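Both of the next two complexes hold chain A, though its partner changes from chain B to chain C.
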Partner chain A sequence: MTETLSNPVFRPIDPYVSAFERLFAAEQDRTPDWISKLRQNGFMHYQELGLPGPDHEEWRFTNISPLASRPTVPILVHTHPPLTMANLQPWLIPGLECNRLVFIDGHYSAQLSEIKSKAEGLKICSLARAMTIKTALVEPHLGRHAQATSQAFVALNTAFFQDGAFIWVPAGLALVEPVHLLFISTVPETGASIHPRNLILVQRDARLQVIETYAQLKEGENLTNTVTEIVAGPNARVEHCKYQCEGPQSYHLAAIQIHQEAHSETVSHSISLGGRLARNDIQSHFAGAGGNSLFNGLYLAGNDQLTDHHTVIDHAQPHCGSHEFYNGILHGRGRGVFNGKIFVRPGAQKTEAKQTNRNLVLSDEAVIDTKPQLEIFADDVKCTHGATVGQLDSEALFYLQSRGIGRDLARQMLMHAFAQEIIDRVGNEPLRDYLDARVQEQLAAIPLPVNS
Partner chain B sequence: MLEIKNLMAKVEGKNILKGINLRVKPGEVHAIMGPNGSGKSTLASVLVGRSAYEITGGEVLFEGKDLLALKAEERARAGVFLAFQYPVEIPGVNCTYFLKMALNEIRKSRGLEPLDAVDFLALMKEKMKYLELSESLLSRAVNEGFSGGEKKRNEVFQMAILDPKLAILDETDSGLDIDALKVVAEGVNRLKRPDNAQIVITHYQRLLDYIVPDFVHVLYNGRIVKSGGKDLALELEERGYDWIISAVSEAAPN
Partner chain C sequence: MDNGTDALNSFVQSEYKYGFVTDVEVDAVAPGLNEDVIRLISRKKQEPEFLLEWRLKAYRHWLTMKEPTWPNVKYPPINYQDIVYYSAPKKSGEGPKNLSEVDPKILETYNKLGIPLHEQERLAGVAVDAVFDSVSVATTFRGKLSELGIIFCSFSEAVQHHPDLIKKYLGSVVPYTDNFFTALNSAVFSDGSFCYIPKGVRCPMELSTYFRINAANTGQFERTLIVAEDGSTVSYLEGCTAPMRDNNQLHAAVVELLALDNANIKYSTVQNWYPGDAEGKGGIFNFVTKRGLAKGINSKISWTQVETGSAITWKYPSVVLLGENSIGEFYSVALTNHYQQADTGTKMIHVGRNTRSTIVSKGISAGRGQNSYRGLVRVQKSAVGARNFSQCDSLLLGDKCGAHTFPYIEVRNPTARVEHEASTSRIGEDQIFYCNQRGLPTQDAVNMIVNGYCKEVFKQLPMEFAVEAQKLLGVSLEGSVG
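So, the complex of A and B:
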């Protein structure tokens, strides 16, 4: 593999090289050609791109050097003893009738999964299975949307992914029960890396709600590098919610790539609560006219944590609308990064794009780097963006206190209100209540500033 | 109930209160009047513990205890309430939820069980009726987008729910139309009991037609320069403040 390099990588010894060679050798005989090619290409791009350094345009504020210097062991064979439903309890959503696919360290657990929905043509299964029995559905899409050529971690995922979810909603079907994808890391060993891969294909006039939860069984250091590709067919509707709640020592990298056909409507919620480093690259591409997309996100970061959202909305077609709302709460020595790119291509007239990023910075040491990036090449468009960075409103705090509410509780109420702006946009009620409760727990754990 | 002795306070280096003396007993209604900028709202703010104000002298006893030593929330729990001249908007915090939290925090501090949702709702319904407040208003965020009159009504509604021992109303009448003024004044009067007291800050005699004070005080330049019965308000309505101000200036030229 190394001979195919066009540019030397910046790291002389890359543990992924030997891991890839092992994987490739092991898979050689039993893997169809197209998958081998996909992997090989992925790995080639990864080697060309190298892990992004601090001089990389898209990684200026997110330093991954602690990640680059740690050992990396892709979990290729699943060895963890089986979990039970009791283990999953914290991440099941009370009152939510749903289909559930569970992945332990990136490997599908049939025993913990449950598919309830039945409909002609509907497919909800593990991607590994779909790749072998539904090749005709998978091959045209897998790896065609996510950008292995420009995103090193997507390339790495493409080289190493073992499993994930495959969802195919046939034309015209409005799936009532959401699909809950639960990715549990057992934190098997230091340096473990897990590369889940999801492919979600929603056909013309169909509807789907899907939830991705990323959690750790116990606190510890591990890397999750996940990629989700979503295709919303003409006039389809997809509501996607990603909930990331791995522990404070975890590294989390995620790419969500949405492809939207004409008049489709997509929603992306991203609730990012933890991790030493959590990076979310969320992108939507309008491939047909008249589409709409809503990006909605909440992020928290405290001591020695960094949460990063990089979004791209590509208005390649006219008459599309996009709305982005991201709220962040940074405390202690926490860092937040928000970068929102909006492209309006030539001819994408009547584009409406709105972007809002609001940040509560609760301590002197907390940092937020926020940057809108609008590149507009059409003239008949409405694009607005705004970012705010502030503290809790002292007048509002005093008002609450003057009614008998203690300062700590008053602070909680104001932080919660700020978080709720985002949570309230989650359409599904049990999910909304669940997320709201988890966020409140996190807020309650934020240490108060001294002298308050 | 309340005893203010030679209270002095400044804000941003400027002396605003220059020695206030006032005694309020249970069952009494006191009106405080005075020209713009004389320090009325400052006095109210100092009493409820707004931290922007620095106390430079004097003391305040509430039921015999040092009020100024308490935090804002502790004063509220002790039974002091201010209906603000300019209530703040708190986006995202639901009115009903907020009030329930407030009431239950106060109850907790007194060793009482919290009211459950059903009991609280019943209490709200009762108080809403006589303040003619709509349910839809209370389902919104605290004061957010409320009209001037709605904000004032909401302040008195909060007072009705929290049932303070000492209520200070800072220009609750301003911004109310005539009918609303009547409703609010009646609401305030209903809350009056022999064991609680009210301090009403206003510019207009009109309010005092409905909320009849036992005493009227004139605050000027950080001091109470004249006190009297309810007739003093009528006299002020007729003659303005000039006669009092010139009398003060003669007595103590600056």
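So, the complex of A and C:
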């Protein structure tokens, strides 16, 4: 579990060092001590860890050398041209009554954001603001859950984050309207990097739905390195959906760290459609007994895309349940990587963990690497995992064709059904319909194999 | 009786002529490893020049390598300069004189397994002056085999008599550069088995190291090479079902299998080296590299292993499926009790078209045992129509043990169908209660359920072995139910 430190790393000549010095100098006077300390620690861990090389077990199949050889410069100053609601149209979810926080290049845009929910004690605002006025709420959690000590990109984010969302749902409040976080990259220059940071705290018996959308205004090579920390209090319920549809040249790295108290229930959806390289590290830690966790993911990769999901579910307490379902569709020269770890710690009896990874490989050039992994140190547990790799079922195709459905449409139907298994688990209807439509558009664009 | 005496004489002479016991004053070299030691080993074994060169190349390569740290096992560092790399087989004077000198615990185990008395003597390493039956058995089988053109002998003999075959096939499946332990083994291997099945021959009996008397006590660094020519079939058994009286700390063996067109190799192992005591002291480190190359079309290689011994097991019998329509199979039962650790599994590398592989792995952890399954299924671009099914189940007995799975699936061809299933569970209290109710004591109930759980693998073993493996599992599980 602590293998990371001994793994080989890249040590490029690092533009992050000078960027960090600049940031630190600029912030020195106006930043409270604890934030400076957090940043410094983050940067120190980043320097210790270095960027992971191809021999690093967690990065075996995901080669980030292009990123290491052309390191990106964090956007520290807010310079984007003003955007209007019309610019955001493609990423707004039709029919969804929600609170919306918009971040342009990692900086909060008050003008485009809208907070509808009014409830006592509820706080939805930008993290930068929360850090100054709600320090007592932020400080005990920010940087305490995501693992800067072992994940280089989390460390990098901790050093450079400028803004993100802060959500505090007070005890007992079931928030009806979801919160939609929209992260738009305007790609001001090639090689810029954005480090959004979100902190979501849901207190005892409260409920919350959050949607994170990551998109690019125009195609371009830049880096989004985002970290989201979620704390679900006792008996709380959090449904988190991350939808990533950045352009085909972007690098997208995301870490979601979920901390679950007793009897809490969390759902994490990850729909990954875009990016040249998209990596999602999703981890859930059971800190109390009786929790439940659902990880649900869909990834599509074609052209020269690589989509990577690394999940960890840490059953540190007894009587918890976790379910994981990840489906992938690989076409063109797409690469899919899945690595699902389930830890069952000593004493975590009556654990029930189930993990499934299914992959559709549609072209000769597509590649899939999957590694479901169980590490179990308790005996009274039920744990299963399964992984499959295959093509569209020729008998199912034949069945549809024999009923007068053309081959192309039949293929679309089967692919759609495969994707829908995942989409159907999204609880919110407008969101589900929106995601389904986006996925269908992508599936329709998949070139048909020549021989069909 | 005359025949018998001849057989005995010829055996004794053959030992003398080709054997290890050539030089009385230097039975063992001093601990440590350098090029001189390797030259000495090679000279003692009167090896041809090419083999010495090969050993030295392996040694030089070994020096550049680092001991792997990725297996999920923990052990104190091994000092490779503390190991004695060559010692001649134990002679009459060295072993216990008779069974009364053997550790009564081991004898008790033999009795439980129902092993005949003279076999017990052999297994315990009792100096056997003239165990008539065994000698004649060994030699008659040999005669019968050579009539068919099958070569089955110790590695040292093969080096003397069939240097061309050794030169051609040694290292062809597992090159010395493969990993740290293969490089070490290639440099210093003492002996092992060689088996060659000529074209179109179906080997009439199960070959086993057991029948080859001079294979006993071959030491820490064994090397096995089996070549099955076109259309031949062979089933090979390795190991024995009773604990070996062996105190060596490190075993780094290499097994190479090569199957040409339409050939079929079945390799079964029952490994029960000394696992250390209940406190985890002592025991064998079993670091083995086993690989089969299914080179020919329609060839088949099947590994079956029952691993109940060794303090630490680190082995991944693999199959490279090169030939079109070739088949690889891996059936495994691995048990860890007390402080045993096992990191074992398989690799199936699909290269040829329409290659198929099956993996069935059953892990059992008890006491404070840690059991890991680590497997790789790789479908390369050329492997059109490849098919794999993997199942790896873990059974946990007790709350101090651990079960881990690390399956890697790497697919580079869209026509591949790969399925992997794994589950972890324990024996239900209701199942035990049901057996108790019908008068079965808890330990017997556990044995019965565990045997049922392993049945899929046991049925792959030759019959006598399967029976012994079942009993062995029972013995190894003793004390696991509180």
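Just so we're on the same page, the second predicted complex is superposed on the first by the 440 of 452 C-alpha atoms of A that agree within 3 Å, B and C clash if a C-alpha of one lies under 4 Å from a C-alpha of the other, contacts with A are read in each partner's own complex, and residues count from 1 in each chain.
Note that a residue touches a chain if its C-beta (ideal position, glycine included) is under 8 Å from a C-beta of that chain, and two chains touch if they have at least 3 such contacts.
These figures come from a predicted structure and were not determined experimentally.
Novice: Of the two partner chains, chain B (first) and chain C (second), which one does A:421 touch, if any: first, second, both, or neither?
Specialist: After superposition on chain A, A:421 lies in contact with chain B alone.
Novice: With both complexes superposed on chain A, which partner does A:150 reach: first (chain B), second (chain C), both or neither?
Specialist: neither
Novice: Using the superposition described at the top, determine whether chain B or chain C touches more residues of chain A.
Specialist: Per-residue touch count on chain A favours C.
Novice: Counting only touches as set out at the top, which of chain B and chain C does A:384 meet: first, second, both, neither?
Specialist: second
Novice: Once the structures are superposed on A, label A:364 by its partner contacts, choosing first (chain B), second (chain C), both or neither.
Specialist: second
Novice: Of the two partner chains, chain B (first) and chain C (second), which one does A:36 touch, if any: first, second, both, or neither?
Specialist: Neither partner.
Novice: Of the two partner chains, chain B (first) and chain C (second), which one does A:111 touch, if any: first, second, both, or neither?
Specialist: Neither: A:111 stays clear of chain B and chain C.
Novice: Under the stated touch criterion, which partner chain does A:401 make contact with: chain B (first), chain C (second), both, or neither?
Specialist: first
Novice: Could you tell me if A:132 is touching chain B, chain C, both of them or neither one (first, second, both, neither)?
Specialist: In the superposition, A:132 contacts neither chain B nor chain C.
Novice: Which of the residues in chain B end up touching chain A in this complex?
Specialist: Touching chain A: residues 48-51, 71-73, 75-77, 81-82, 84, 87-93, 98-99, 101-103, 105-106, 109, 141-142, 158, 162 of chain B.
Novice: Please output the residues of chain A touching chain B within their complex, sorted ascending.
Specialist: 393, 395-396, 398-407, 409-410, 413-414, 416-418, 420-421
Novice: Which of the residues in chain A end up touching chain C in this complex?
Specialist: So the residues of chain A touching chain C come out as 6, 57, 61, 346-347, 349, 359, 361-364, 366-391.
Novice: Which of the residues in chain C come into contact with chain A in the complex?
Specialist: 69-70, 379, 381, 394, 396-426
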